[in-house]
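What follows is a pair of complexes built around chain A, which joins chain B in one and chain C in the other.
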Partner chain A sequence: MGTTETNRSDGSSRLDRRLLLERLSSYWLVGAGFFAVALFGLIVLTLVQQSIPIVSEYSLFQMMTSSNWDPASDEFGFLPAIVGTIYVTVLSMAMGTPLAILAAIYIAEYAEGRTKLIVSSFIDVLAAIPSVIFGLVGLIVVVPFVGDYLAPAVGAHSIGLGIVTVSLVMAIIVTPFMISLSVESLEALPDELRESSLGVGATKWETIRTVLLRAAGPGIFSAILLGFGRVFGATIVPAMLIGGQTAIPESPFDAGETLPTLIVNDFGELMSIPLTQSALILVGLTLLVVVWIFNFGAMLVRRRLQRRWQY
Partner chain B sequence: MSNETAIRTEDLEVTYTGNREVTALDGVSTEFAENKLTAIIGPSGCGKSTMLKSLNRLHEIQPNAEISGEVYLGDEGIYDTDEPLPEIRRRVGYVPQTPTALPLSIYNNVAYGAKIHGNYSNSELDDLVESYLRKVNLWDEVKDRLDDPGAELSTGQIQRLCLARSLAVEPEVLLCDEVTSALDPISAEQVEETLEDLKEEYTIIMVTHSMDQAKRLADDVVFLYLGELVETNDTRSFFENPQNERTQEFVKGHTAVDYDDEPDEESVTDEQPVATR
Partner chain C sequence: MDRYTEQRLFGLLARASAALILAVLVMVVGVTLWRGGRVFITDPAVAVTPPGSRYMLDGGGGFLHAVLGSIFIVVPATVVASILAISTAIFLQSDYSSERTSDVINMFLNVLWGTPPIVYGVFVLTIIIAAGAQTSLIFGTIAIAIFQYPIMTRYADEALRAAPDTVKEASYGLGATRFETARMTVRAALPGVIAGIIMGFARGIGDAATVLFTAGRSTQMPGGPFDPATTLPILIFEQAASFNAEVRSHAYAASFVLIITVLALILVSKLLAGKFARFAPGGRHS
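Up next, the complex of A and B:
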């Protein structure tokens, strides 16, 4: 009798402990989730609060449309950085995206066995190289290539450093990353899609183009967006290779600046001057807001694609 | 098997060479009659799907499948041939087990193959889509929403859409891989009714592991066991008077209802084609 009771009370205290742990764990998880939200809010609030001094003194519109950045004489136009950022992003994505999609199709649908293993592991290794290494190699290889060969070949003048150079190197950096993610979306598709299409006599290419690229479309779209985000926010490579010119570039071969390079080039010495600090933080806030708007728009597009191309 | 033969296999052998070598089909020679529905039955993993896919070379999308023997479509082999693979697969269509809508509209799901193979005008395509959707008893359910994504239909409707898509390229033979096993009983019944209508006009080869379904639908039965052909006969003889000892056991093990009492309409929904998964 005694033993059964002990067992029972043991059993119920064990249950109590399990239930307590259950409650505690849910608190922890909720806490962790909200911590992330709070951190995000804190960052945005800090940026907003710190940008107030400059915005209250100069019009936002004027700063965004003026190309004169000269903190010493209280000029804070950052149009060249906006133009430079757009240039770099568009050029690198234009170079990287088609290559990434083609390579992903090759790896997911055509490559087999050892070849597939080798090619895809090289791409993964490439995606894992720190970008500062790409910056260094860019300085040694891409800068002279652009300055001595590419620019003269298209009849432009270039010192080697500049927007095209940065775009080339950034394309090389984000492409492996986009390939990996796109391959994943293609490989996640059920074989039934392939069988259904091939089963009515479609060729492999027709199957890929009409069926697989659509079905994997939302995933590939996300991969491209993540690549886009990386180029947009890239700091170290542009800082090393863009040439740091605070004027609107006349051609893509010119030197220039991007929003992140404007911040890193100036923050060291100028953060001590309150108004400049505020201006740089405003630049940071602009970067954040653009990325945000972009992500939001992308989410809407992705949702549409998912409905349209569901399988 | 009195009728003309639409497709036949000769000493068909398929081996999967992966980490472990597996012989999925071991020298199967059999024939499938024209304009009849033949059911391939057998326990799971006995090579039914492999057999089906080898009839239009669809197993070749698996990287490690090796095949020997030959499949004759009419008089011509489909392995030792100059005929391009897509054309072989157009002539021998395939409907997979999982209802699969292509990421296209309902309309384009049906028109998909036809657009690839033929030069149709828009109005011809409209007619074609309508006629094949009617053929699979889907037209009335979808005629007002042809531009919606195919995947928004119910699974049962999608399976009939798949049939329409396959038929729209006018195949000589249609391969169906357990086409009702992923469906609820009512959708399964609708698909079965569709197959019932279609078998008058088409040569259909269907894999199933529901014996009752085979009894209800099939004209002929092919029984596979561990990659070997055990017995093939017309459905009635196969179930009433199995010749081979293994068939006798298999039929006995699976037969809950006596053959003669069975084919009344309602009982179709009561039994569950799904249950045997």
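Up next, the complex of A and C:
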């Protein structure tokens, strides 16, 4: 602006600049806001489009029920990986869920002051430890434990690597995440609930079991469903500890494979065979869809139960 | 079992569960520090020595390529992801969107947040193949940025939500535009936002599944953005499966470096959150 301009026009040009910045920034922010939607759409579209070749060649049902995985001779059976994934998911959640809920109860209802702060920040640390380190420690500690003590103790044979080993490690990995969500919903409850329950003569545990767990139930339940999604899509730990076997596991102590380890083991080498690539992308799409169902279920369950279980 | 025994039993169980999880944490960190530390202390140069020509076979040289690869991939990814994440969080929180729109976008963010990292890896690799490109450092960066974006957005969103409403009200009351108000809100929420960025950085540097297929698993020093690279988690993943004891010992040393980095990042994020609280208007953050 020249020196001949009056104060008034100087002021209005500053306002113009501010309004211009406001308009430009709002385009950017709206764009960033819808980035999540665009990214999700792009991922789904890409994966669906790349899965078409395999789906048009073989029926989904046939692939899911065949246990023969041999891309070199055009055999695509996902059944061993599906069985392995279900084994790992169910076993890890069976061990991890009670552990996580009890620990969440401890943090939310028993721990106080400094102890509470320390315990919950340790849980945060556990959540941030890279899974490859869990895998490595699993190789050093859990593999010999399962191979030399746990399997012989129950009369099974195991080389140490296998479904049980993966499940033991995954049960721990999934806890911090379920704990923090459960603690959140327990702490959101009003103190009147605790006071009135204790006031009519319930013990602390009866209060927790009959009142608090029910009132915080929707939150805890959705935490568990999200935990399922986490274990289901876990990649690195199963790839390091499951032992890689393309037959249907006979016992939980057997080696096996999961859907993500199928991708890890085969993607690099078999990229040159287009049909294999398409089959593995289909596996990726399956992971996405199943995790999506878990997430969506978690949301629905929370909404529904919140209405039914409220106090 | 009478009700008081039951109460004692479950109180004990709750304590035992928390203790068990903490014990596992201590064990994981302890084993990594102990096994890795023994290798690392006797030969700290492995972290700054370039790899030999047959590094994955005989462990000659060190893993400087993975250290540099991690830095070159994760630092730019964190910058990109944090800009996007803060913008998204502003959009969700302030007056740019209706509550309905925010709800829908939040739903998609939750889905992205729960998406297994391997799916991002497969997605980016599919794009690489479609584009006829080769796996390289830049695609590793893209994959990590996509992975970090929902995580950082969640932290930033939480931080902005916790910022006092009075900041916004005062800012609008003085005639500020939406953008100027959003800047004030971000400043008020800065401790939480910064802590979220650092946590996102820590998650990004520790993740292997996203970069496994996208960065190229190189065993040489990273050349440029379009050359293959590798990161510490990939290196550990590959070395842990090696038959050569020397190579496996390098996996322990690499995990020592990785866990120290991650723990330091968490510590810095907690400390910074406390330090920045002083500059925040409203000042009731800690």
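In this text, the second predicted complex is superposed on the first by the 280 of 311 C-alpha atoms of A that agree within 3 Å, B and C clash if a C-alpha of one lies under 4 Å from a C-alpha of the other, contacts with A are read in each partner's own complex, and residues count from 1 in each chain.
Operating definition for what follows: a residue touches a chain if its C-beta (ideal position, glycine included) is under 8 Å from a C-beta of that chain, and two chains touch if they have at least 3 such contacts.
On a predicted model such as this, the values are computed, not experimentally measured, just so you know.
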item	value
Chain A as common anchor, with chain B and chain C clashing or fitting	fit
Which of chain B and chain C A:Met178 touches, first, second, both or neither	neither
Which superposed partner A:Pro190 touches (first chain B, second chain C, both, neither)	first
Touched partner set for A:Trp309, first chain B, second chain C, both or neither	first
Degrees between the directions from chain A toward chain B and toward chain C, using C-alpha centres, nearest 10	100
Partner chain(s) touched by A:Leu280 [first = chain B, second = chain C, both, neither]	second
First, second, both or neither for A:Ala215, with chain B first and chain C second	first
When both partners are placed on the shared chain, which of chain B and chain C touches more of chain A	C
Chain B versus chain C as contact partner of A:Val88, first or second or both or neither	neither
Which superposed partner A:Leu198 touches (first chain B, second chain C, both, neither)	first
Partner chain(s) touched by A:Leu168 [first = chain B, second = chain C, both, neither]	neither
Touched partner set for A:Glu206, first chain B, second chain C, both or neither	both
Smallest separation of CA atoms, chain C relative to chain B, angstrom	11
Shared chain A contacts, counted only where both chain B and chain C touch the same residue	203, 206
For the chain C and chain A complex, residues of the former touching the latter	3-4, 6-7, 10-11, 13-18, 20-22, 24-25, 27-29, 31-32, 35, 84, 87-88, 90-92, 96-97, 101, 104-105, 107-112, 114-120, 122-123, 125-127, 129-130, 146, 149-150, 153, 177-180, 182, 199, 202-203, 205-209, 212-213, 217, 233, 236-237, 240-241, 251-252, 255, 258-259, 262-263, 265-266, 270
Complex contacts: residues of chain B adjacent to chain A	53, 56, 58, 61, 63, 86-91, 93-98, 100-104, 112-113, 116-117, 149-152, 162, 165-166, 168-169, 175
Footprint of chain B on chain A - complex, ascending	112-113, 190-203, 206, 210-211, 214-215, 217, 307-311
Chain A residues touching chain C - in the complex, by the definition given at the top	18-19, 21-22, 25-26, 28-30, 32-37, 39-40, 43, 46-47, 50, 98-100, 102-103, 105-107, 109-111, 119, 121-126, 128-137, 139-141, 172, 175-176, 179, 203-206, 208-209, 226, 229-230, 232-236, 239-240, 260, 263-264, 267-268, 271, 277, 280-281, 284, 287-288, 291-292, 294-296, 299
